[in-house]
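By letter and in written order, the chains are A, B, C and D; residue numbering begins at 1 in each of them.
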Amino acid sequence: MIQLFHVSKWYQKDVPALQDTNLHVPKGDFVFITGPSGAGKSTLLKLIFAEERPTNGQILVHGRNIARLPTSRIPTLRREIGVVFQDFKLLPNRNVFENVALALEVLGMPRRDISRRVWLILKRLGMHHKMRANPLTLSGGEQQRVAIARALVNEPLILIADEPTGSLDHDASDRIMEVFTDVNARGTTVIVATHNMGMVSSMGRRVVHLDSGRIVQGETL
Amino acid sequence: MSRLISSLLRAAANLRQNWATSSITTGIIAISLFLVGGYLMLAHNLGNVVIGWKSDVRVTAYLRDGFPISDINHLMDEISGYPEVESVIYITRDQALEEFRAMLDKENNLLEGLEEYPLPASLRVTPRRDYQNMDGINSILARMGDDPLVEEVNYGQEWLGRLEKVIKAFHFIAVGFGIILCLAAVFIISNTIKLTVLARRDELEIMRLVGATEAFIRTPFLIEGLIQGFAGSAVSLAMLTLLYRVLIARMDSAIYKILGIGTINFIPSGSVIAILLGGMVLGGLGSLASVGRFSRK
Amino acid sequence: MIQLFHVSKWYQKDVPALQDTNLHVPKGDFVFITGPSGAGKSTLLKLIFAEERPTNGQILVHGRNIARLPTSRIPTLRREIGVVFQDFKLLPNRNVFENVALALEVLGMPRRDISRRVWLILKRLGMHHKMRANPLTLSGGEQQRVAIARALVNEPLILIADEPTGSLDHDASDRIMEVFTDVNARGTTVIVATHNMGMVSSMGRRVVHLDSGRIVQGETL
Amino acid sequence: MSRLISSLLRAAANLRQNWATSSITTGIIAISLFLVGGYLMLAHNLGNVVIGWKSDVRVTAYLRDGFPISDINHLMDEISGYPEVESVIYITRDQALEEFRAMLDKENNLLEGLEEYPLPASLRVTPRRDYQNMDGINSILARMGDDPLVEEVNYGQEWLGRLEKVIKAFHFIAVGFGIILCLAAVFIISNTIKLTVLARRDELEIMRLVGATEAFIRTPFLIEGLIQGFAGSAVSLAMLTLLYRVLIARMDSAIYKILGIGTINFIPSGSVIAILLGGMVLGGLGSLASVGRFSRK
C-alpha cells in the first residue's frame, strides 16, 4: 500500500517538479502514470523508492514513512521494490547475467538459486541468449528488457516501471505488459509511467494523469 | 561465509573488469612503497657505515713507570672482566713509537734523532659495540676509578662528542626525510585510490538503487583495496630484491671497504612485514574510506 | 546521397547484426527505418557516420567510401551529419547550452554566433528555459530534446535520428516530426529509426523495414 | 587565436567541473615533486657538508734547518703566487710543539720532559676550494718541484685518497637514489593522469562522435595538464619553502656547526626552474599521451 499526502518536490527555487500531490495506491493495484515530458512522473516514482526525498508532505509505503526513513533503512525498502529506471541504469562492466543477478545478490540469496531465477526471467523476456553479453553491446530494446528483468527477478512486492517500453516495438511492449499483468495477478502492486497512450487505453487500468507537477486526473486520498 | 565468498568473487570480477585502472593503481602503490623500502635500505646501510665509524672508540690508559709486570697483568685481568669491555691490550713505549712512526707515514726520517717515544706505555681498552659511546666510556672510567698504576686516561673526548653529535644530526635528518617519504606514500596511495573510486561513482549509485546495503557495497571495495595493496607491496619488495641483487653484484667490493662495511644488507624482516601490511592497510582502508566519502549525497 | 552495397556487419561470429544490405537514400530524402528490437536499425545508422565499420560491403556517403575512410577523415564526415543517439550521449559535466554548443565549437564557429544559434534551436524545441541545467537533472524527454537540438544546431546535410521520440509524449513527438519535416524541406536528408508505427504511418514517408539484420521491405540498390 | 582562447575556456571549464579529480591530481603532482625537491635540498646541503670535510686538505712542507729567513720568505711568496693556492703559513718548531700539545689535549703533563719538538719547522699550504683534491695537490707539488729548502712533503695522501673514495661512493648513492626518485615521480604523475583520462573516456568518445578532431579534443587536455602540472609544482615549491623556513628557524645552529656548514641552503635556482618546467611537461605530455592512448578503439 502506497500513500502520498500533500507531497511536493522542489528541485529548484523557481518551479516545483511535484506540487501538493495526493495519491493512494492499494496493495495489488495496477496504475498508469501519464503526462507530458517534464510533468513529474519520474519524480513521483523516485519519491516512492526514496531516490529523492519530498520537500513537503508524507509518503507511506507499507506503513513506513519515507519522508522520515533513516538512510540506513533505505536498502530494506528498496529490496521490496523492483524498479525499471527510465535510463536503465545497467552496470557497464558486468554482463547481462550479472546485472540481473545483482538484485538477488543484495538479498544474500545462494548462487545456485540466483542462476536459476536469472535464467528463467531472462528467458521469459527473450534475453537468455544474450546472457553473457555486455550491456554496452546491446541494442536499446535489449537493454530495456534487461532492466525489466532485474526489476522483476526478486519478485518484488511493488514494481515501479518508468517508461518501460520506450525502446520497444509494439509486439515487445505487449509482451512486457502481459508479464506485468501476470506479476500483478500474483499480488505485486504495479506502477507504470508511460507516454504510450495506445497501450494505456488498451490495458483498461487505472490512470493517473500528471501535468506540470499536479495530478489533473485520478487523484485520490 | 557464503557472503564472504560472494564478496570475494565480486571483488575479483571488479579487478578483472577494471584491469587498466587496477593495474595502474597497483603500479602506483608498488612504486610508492618501493621508494619507502629503497630509502629504508639506504638508511639502514648508511647506519651501518656510521656504526663502523664508532668502532674507533677506545680508552687509552697511560701507565706510571716502575710498576712490576704482575701488577699490570692484574689490572688488565680486572679491566677485561668489566661487562662493557671487549678487549684490553698492553702497548709498550716501543710499540707506541712504532705506531707513531707509522702514523707520520713517509716522514720516518724526520724522527731519526728520536730514540725514545715521549709518551709512556699504556693499556688500550676497546669497549663492546653497545658501549662505544660517551655513556659506555664513562661507565668504564667509573669502574677503573683512581688506580695508582694509571697516570692519565685519554679517550678523545672531543672527537667522540663531535662524532656523537654528527650521528645525532644525521639520524635526525634521516628520520625526518623518512617520515616525509612515508607521509607522501600514504598521500599518493590513498588519493590514487580515491581517484579510482571517484571514477566508479555511478556503479556505487546503481548498487544503492537496487537495494544494496553499505556492507554489501563496501566489502568488495575493501577486498579489492587489500588485494591491490598486497600486490603493490609484493611488487615493491620484488623490485627491492632486484635492486639489492644488482647492487650486490655490481658494486665494487672496494666501495664496501671504503665505507667500512662488509657488504650491504637487505631491509630488516620487520620492515618487509611492515611494507606488506602497510600496503594492504593503505589499500583496504583507502578504498573503504573513499567509498564512504561518496556514500550518500 | 547515401548508398549501401551488400553491407554486412558481424559483431560476433555466430549472428550478423546486418546482412547483405543494399540501400539507396537520395539527397533530400526522408526515410523511416523500422523493425523489432535488435533488428539492426541502430547498426545501420552507425555504419553511415562511421561509429562502426562494415564487415563486408561498401558504403558511400556523399561520394566518400566509408568502408575505407581513413580515421583522420572521419571528423569531417561527422560534421556534415547530425546524429540523435538512441542513448542521447550528452556530456554529464556540461550544461544544456554547452552540450548543444559543442556541435558548433567543433566547427570552429565564433562564440557569438554559437550563442545565437544554440538559443534558437533550444527555443524551437521548448528547452531554452533549461539552458543552464545539467543533463543529469533533466527528465528523460527533456534530455532527448537536448540530444535533438545538438543534432540540428549545425544545420547538417544529413540528419540521423535513432528512436528520437522514445521518451516523448504524442504531442511532443508530433512537434519533433514537424521540425524534421521542416529541415528536410530545406534540403537535409533525414533518416529516422523508430518503433512508433503510428507516427510512421501518419507521416506517409518512405519506410525501410528491417528484421534480423535483413531489409524485408523497402530495399533498393 | 580564437581557437586557443576557446581551448583555454574549455580547459578551465573542465578543471572546474572535475574539481575533485583535478585537485587530487594536482596534489599528487605536488607531493611527488616535493619529494624530489626535498631530496635535492637534502643532497645539496649534505654535499656542502662533504665539501666542508675536504677543507682540511692541505700540504705541509717540512723545511731543512739552517736557511736564512729571507730564503723562506722568498719561497712563501713564490708558493702563494700559484693559482691553486689559497694561503701559505710558516709554522715554527715551537708552534708545532704547541699544536701537538693541544692535540694531545689533557696529557700535557706527559710531555713535560719534551723540550724540543721532534719535527722541523714547516710551511702549511692551503689550496683553493677547487683544488682541494688529489689532482689539485699534485699540481701544487709539481710546481714546487725539488726546492732545496724543502726536506719532506706531507699531505695525508692515504687520508685524502680514502676521503675522495668515500665522497665518490656517497655521490654514487645519492645520484642513484635521486634518479630512482625522479623516475618514480614521473611514473606516479603520468599514471595518475592516465587514471583521470581513463575516467573521462566517455567524454572523449562523445566528442569524437559529434565530429571533433583530435586537435580539438587534445588541446584542452594538454592545457589542463599544463595547468595542473604548473599548480602542482608551484605548490611543491611552496611546501619546500615552508620546510626550508621551518628548518632554518627550528634547527639548532649547533647542528650546523657540528655538520661544519654555516647554514642550510635552498635548492639552487636551476632546480626551481627544473621543477616548474618538469611539472608542466609531465602534466601536459602525460595528459596528451593518455588521450592519445584512448584515441581510437
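The definition used in the following text is that contacts are C-beta pairs under 8 Å (C-beta built on N, C-alpha and C of every residue); 3 or more make two chains touch, one makes a residue touch a chain.
All of these numbers come straight from a predicted model, not from anything done at the bench.
S.K.: Would you pick out the chains that touch subunit B and also touch subunit D?
M.R.: none
S.K.: On a C-alpha centroid basis, what's the spacing between subunit B and subunit C, in Å?
M.R.: Result: the chain centres lie 67 Å from each other.
S.K.: Compute the distance, rounded to whole Å, between the mean C-alpha positions of subunit A and subunit C.
M.R.: Centre-to-centre distance between subunit A and subunit C: 29 Å.
S.K.: Cα centroid separation between subunit A and subunit B, in whole Å?
M.R.: 62
S.K.: Using the touch rule from the top of the page, what residues of subunit D touch 2 or more other chains?
M.R.: Where subunit D is concerned, no single residue meets two or more other chains.
S.K.: Listing for subunit C: what residues touch at least two other chains?
M.R.: Nothing qualifies.
S.K.: What is the shape of the graph in which nodes denote protein chains and edges denote touching chain pairs (line, ring, star, complete, other)?
M.R.: Graph shape here is a ring: one loop, exactly two partners per chain.
S.K.: Give every touching pair of chains, nothing left out.
M.R.: So the chains that touch one another pair up as A-B, A-C, B-D, C-D.
S.K.: Would you tell me which residues of subunit C are touching subunit D in their complex?
M.R.: 49, 51, 71-72, 74-79, 81, 83, 85, 89-91, 93-94, 98, 102-103, 105-108, 110-111, 150
S.K.: Which residues, counting only subunit B, touch subunit A once they are in their complex?
M.R.: Result: residues 2-3, 6, 10, 13-14, 17-18, 203, 206-214, 216, 296 of subunit B touch subunit A.
S.K.: Spell out the part of subunit B that touches subunit D in their complex, as residue ranges.
M.R.: 20-21, 24-25, 27-28, 31-32, 34-35, 38-39, 42, 46, 62, 104-107, 109-111, 113-114, 118-120, 151-152, 154, 157-158, 162, 165-166, 169, 172-173, 177, 180-181, 184, 187-188, 191-192, 194-196, 198-199, 254-255, 258-259
S.K.: Applying the document's contact rule, which stretches of subunit C touch subunit A when the two form their complex?
M.R.: Contact set of subunit C toward subunit A: 11, 34-38, 41-42, 86-87, 137, 139-142, 144-145, 162-163, 166-172, 195, 197-198.
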